[in-house]
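Single-structure report; data block below.
The first chain written gets the first letter, and so on, giving A, B, C, D, E and F; residue counts start at 1 in each chain.
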Amino acid sequence: MKRIDLFLSERELNRVCKAITAAGAKGYSVMRHVTGMGPSGEISEGMDFSGLGANAHVVVFVEDALLAAVGKALRPLLKRYGGVGFVSSAEPL
Amino acid sequence: MQSSLVLQNLLSAPVLFFFLGILGVLVGSDLEIPSPLPKLFSLYLLLAIGFKGGMELAHSGLGPQVLLTIGAAVTMSLLVPLTSFLLLRLRLDGYNAAAIAASYGSISAVTFITAESFLNVLEVNFDGFMVAALALMESPAIVVGVILAKLSAPADDVETPGDQENGGDQENGGTSLRWREVLQEAFLNGSVYLLIGSLVIGYVVAAFSPAGLEKMDPFTEKLFYGALCFFLLDMGIVAAQRLRDLRQTGAFLIGFSLLAPPVHALVGLLVSAMLGLGQGNTLLFMVLCASASYIAVPAAMRMTVPQANPSLYISTALGLTFPFNVVIGIPLYMALTRHFIPVG
Amino acid sequence: MQSSLVLQNLLSAPVLFFFLGILGVLVGSDLEIPSPLPKLFSLYLLLAIGFKGGMELAHSGLGPQVLLTIGAAVTMSLLVPLTSFLLLRLRLDGYNAAAIAASYGSISAVTFITAESFLNVLEVNFDGFMVAALALMESPAIVVGVILAKLSAPADDVETPGDQENGGDQENGGTSLRWREVLQEAFLNGSVYLLIGSLVIGYVVAAFSPAGLEKMDPFTEKLFYGALCFFLLDMGIVAAQRLRDLRQTGAFLIGFSLLAPPVHALVGLLVSAMLGLGQGNTLLFMVLCASASYIAVPAAMRMTVPQANPSLYISTALGLTFPFNVVIGIPLYMALTRHFIPVG
Amino acid sequence: MKRIDLFLSERELNRVCKAITAAGAKGYSVMRHVTGMGPSGEISEGMDFSGLGANAHVVVFVEDALLAAVGKALRPLLKRYGGVGFVSSAEPL
Amino acid sequence: MQSSLVLQNLLSAPVLFFFLGILGVLVGSDLEIPSPLPKLFSLYLLLAIGFKGGMELAHSGLGPQVLLTIGAAVTMSLLVPLTSFLLLRLRLDGYNAAAIAASYGSISAVTFITAESFLNVLEVNFDGFMVAALALMESPAIVVGVILAKLSAPADDVETPGDQENGGDQENGGTSLRWREVLQEAFLNGSVYLLIGSLVIGYVVAAFSPAGLEKMDPFTEKLFYGALCFFLLDMGIVAAQRLRDLRQTGAFLIGFSLLAPPVHALVGLLVSAMLGLGQGNTLLFMVLCASASYIAVPAAMRMTVPQANPSLYISTALGLTFPFNVVIGIPLYMALTRHFIPVG
Amino acid sequence: MKRIDLFLSERELNRVCKAITAAGAKGYSVMRHVTGMGPSGEISEGMDFSGLGANAHVVVFVEDALLAAVGKALRPLLKRYGGVGFVSSAEPL
């Protein structure tokens, strides 16, 4: 199986989750209140209340076969709104 | 007189806590208000100010002056983005100019609340319907901002159907549906919705079950000043952190974010005088014109104009315009009000 | 009279904020109360209601009517799960029927609190010992629910020692130890423990150091109404989100969750009349019978009857029964109370 | 070494942590207030205060040799109470 | 008399909620106050106590007795770590002895607040300048602790420049810069900074815009007692969880953490008598000497003396000394005060 | 690419983040309020307000070539203040 890790603004979270489900993934997990630094600057916890929002971390475990579909659905969103995504290998426990 | 007003403002508890937050960041203290506590205070302040405004609106009624004032406020929230855009376009691309313009057309509820506290300390009256004006100035600025961004978009940046498919953005089949999203961001984002909702509830409760007003009072009224102090402590921390980002902002934007408030306030003063508002309402009207949004508008711009750089519009509104208004602007506008607007 | 009661309830601040939350979800606003703020309000309400209840219990004392009423309440929390189980078993398997039955045997503290606020607005008296009844109705329903689930378990589903070893569940060597877990979930889960603890503390402080009561008053009494409004705003959001889950629930359960409350309330009315309770206590007794638990019981069922589907018992209790009681139930039960129970 | 990622209801957290320690792992980390979607439906942040609770994310780094023991201890809990577990490879920094 | 004081303390709401938290852990309840809610209460209490202290300081002024008392308090925060260090060194290595000594030289704001509440219930007066003493006792103890740790460091443990490079610790080019870090931890850590800042703000507002005081009152004064109860509920939970860690602590440290408080309190009593403080101030002075820090000092030690084991200094200060002072210490010290200090 | 996972006390977070940036990484993500167990004992959520603090989870995705530099910068901090770090492989989505 593949493990996909996404870090993006919590503003875009809803769209990203919808895209994941629409691409056929059976599940995902979301952690909010994530801070960090990336190409477009620093996101601190203090911005949580503002319109900028903090980041979210989304983890999706999918069958290898689904990776392409999920990636295809997510890449344009990450490109359009910012955020990063990485893939690694994993096995069910 | 003016300098005494500045001092009176500087030595008030909310502004002092705001300074405490700023100073903390500057000297390197690790004081922080962990998330989501700032959100708690921000939701509380919106709920309380909305409820109280609605309550007073029910008492004052919706007479012609009320409607005229609200209409003027909404007009300001449509015009300020246009003029700001033209100015900002001198140096910035269309997306960023539109997003910043929208922010300055809209309002900052905390600046408004701080001005209300200031009026309370000075024992100057103001009316609850000004909260209605506050609530109705967010959405139009957002809509204007999006239109400006679209108009100034280069031809090849208009999304093709294929793009949208790849984007997985199921809701958008074409231009009309894109509008639904803009209107949703403009009228239904959390802070606008809570403020307007609380306003309506305050109105309804005052009109139909006034017994509930007294029971709400300890929460919405008594606690308010202290909660404002606590929140301004956090705002000071956040504003100071944003100050660091200003390096990338450039002198032009820094100048804009410090000059736009007093200029817009002056226009607000003129309009207030024409409307015949009292001193309290005039200060609040000026503050509405002078302040810039760092909650509702940025949230909406982020979704609808993702090409703009959020740190530009957030850092100017939150790191410069907000502190300017809270510390210098409010007493300055009050001095002008006292000079030009007759008492009572 | 009844329709005016419904209106009076609908136009009260807590219920209006509840609607605001529901409406927000329906129209697609992104308003949310981020976790763990709802927990803060839920802990606060339990602490405050427990403390006030204990305080009033100390004043009224533990006379025979108090004990009889509490005894009747506990009996209801034992009987309602039994009858509900028999009914639910017509369509559901034993695990789900038992878990839902336990939920309806137990109570919803927020529904109770909303009913108290309603009585306050109507200026109808009620007694602090009703909080003791509230506190003592959670645990029995849980115990009955677990027993029903075990009794209806298919023979081969009884856990074998091997299973338990694999489960790594160190505490369970056999049936007797399994009971320790059930009792722990029933009597020591956070919300039950805090409510009963605060009740005892309120009692002790009122009895032994009454000077402390006045100092607690701004926190437990004055703030209460506003905090309830804020929490009901969140409850509205959550209830509306749960409504979406009802597709999988089916018509039978939807019917149950809307009919069980008034039926149980009627039984509560009968019992209240027999006990000779006043109008205020009768309404509260009816609300205790009519409401269903979405905090303590689901938490316990999840651990002790994992075979049941949590979204069934949570969605019905939180998405249907809770809104029904808060919006229609309370004024309806009050109208019945006024009709059948003599004033004071 | 192996990295184990568990997503489960915070209600079962205590048991899972005890099982991890009992199986011989030297450490673990827990993130609370996790939301997500899985075979048994959606868990939203709003349910945090209710009896349902939110999810938790548990990360355990163990020697390869311990994987079997930890897996044996955890699988029945995940089966009984719901939740998912995945394994991937990792090295100490 | 003494036993009645103990009872009066035990039966007060804050102490009862503290017990409720402890008991919850002991019986296995899953009651918890999720993070960051405890932080909210802890920040609130610091802000409120600082503001009120500053306010009263403005009223009482900075006379010679005020300065003498504050000077004596600071002296105690320098001496207590020295004597404690010598004692602890009998059994512990230099790092751990220094870190624990610093903790006992410093103070626990919540213990102080609980003592104030106790005095309020007894209707015994005390002065706002004691809060200034409280605020100024944290930093010196930290500085002494770091010096002691450095002095007792084995020669080869002094960091080499190479180490620092690898550590990526950009700020530290040598010994002088290391000091900047220590002073920053001592004077600018969040809780010290907020307490002193709020004290100054309270002073300034009382002196220059007293109209603001009344508006702060519901937040800083009225809400205080209830918020203290809520926070002590959490402190009980946390203290009881720490108790479990005491297995690794050993009998020597357990003895120290239970005997140091009364011994230091006795010294405080002596100093208070020499200073001619009244009963209320004497109790507070004793509590300052007797209590140990589990917020500011551990945070600073963790950064500056990472060789020490945090669970040793946290568990003793939070798991033993804090409960001892809150439950037994405060009434005990009050009984001594009543015996040795003349009324008014 | 490599994925680095760090678990450490939030007290040391600032230094660790500075070290990561100084070592040349382009971004990182931070999750706070993490609890857990490790060689130096248990960290519970209740300690969040105390001077001990809770843990933080830092995730850094770096090019393979940068791993050595980041590791060199972080290892002494982890050694000095406690905390653990692990590396695994990942690819951009």
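The rule we apply is simple: a residue touches a chain if its C-beta (ideal position, glycine included) is under 8 Å from a C-beta of that chain, and two chains touch if they have at least 3 such contacts.
Bear in mind the structure is a predicted one, so any value in this text is a computation, not a measurement.
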{"item": "Centroid-based (C-alpha) most distant chain relative to chain D", "value": "B"}
{"item": "Chain whose average C-alpha position is farthest from chain F's own", "value": "C"}
{"item": "Chain B and chain C: spacing of chain centres that average the CA atoms, whole Å", "value": "41"}
{"item": "Whole-Å gap separating chain B and chain F, where each centre is the average of the chain's CA atoms", "value": "38"}
{"item": "Averaged-CA centre spacing for the pair chain E and chain A, given as whole angstrom", "value": "43"}
{"item": "Where chain A and chain F are represented by their mean Cα positions, the distance between them in whole Å", "value": "20"}
{"item": "Numbers and ranges of chain B residues touching at least 2 other chains", "value": "30, 32-36, 39-40, 218, 222-223"}
{"item": "Contacts with two or more other chains, residues of chain A listed in rising order", "value": "31-33, 45, 74-75, 88-89"}
{"item": "Contact set on chain A toward chain D in their complex", "value": "1, 3, 17, 21, 26-33, 59, 61, 88-93"}
{"item": "Chain E partner contacts - residues on chain F that touch it in the complex", "value": "9, 11-12, 15, 18-19, 22-23, 33, 40-41, 44-54, 72-77, 80-82"}
{"item": "Complex interface listing, chain E residues touching chain C", "value": "7-8, 11-13, 16-17, 20, 23-24, 27-37, 40, 117, 120-121, 218, 222-223, 225-227, 229-230, 233"}
{"item": "Of all residues in chain E, those that touch chain B in their complex", "value": "36, 39-40, 43-44, 47, 51, 184, 188-190, 193-194, 197-198, 201, 204-205, 208-209, 211-212, 215-216, 218-220, 222-223"}
{"item": "Chain B - residues contacting chain A, complex", "value": "32-36, 38-39, 41-42, 163, 166-170, 234, 237-238, 241, 245, 293-303, 306, 309-311, 314, 318"}
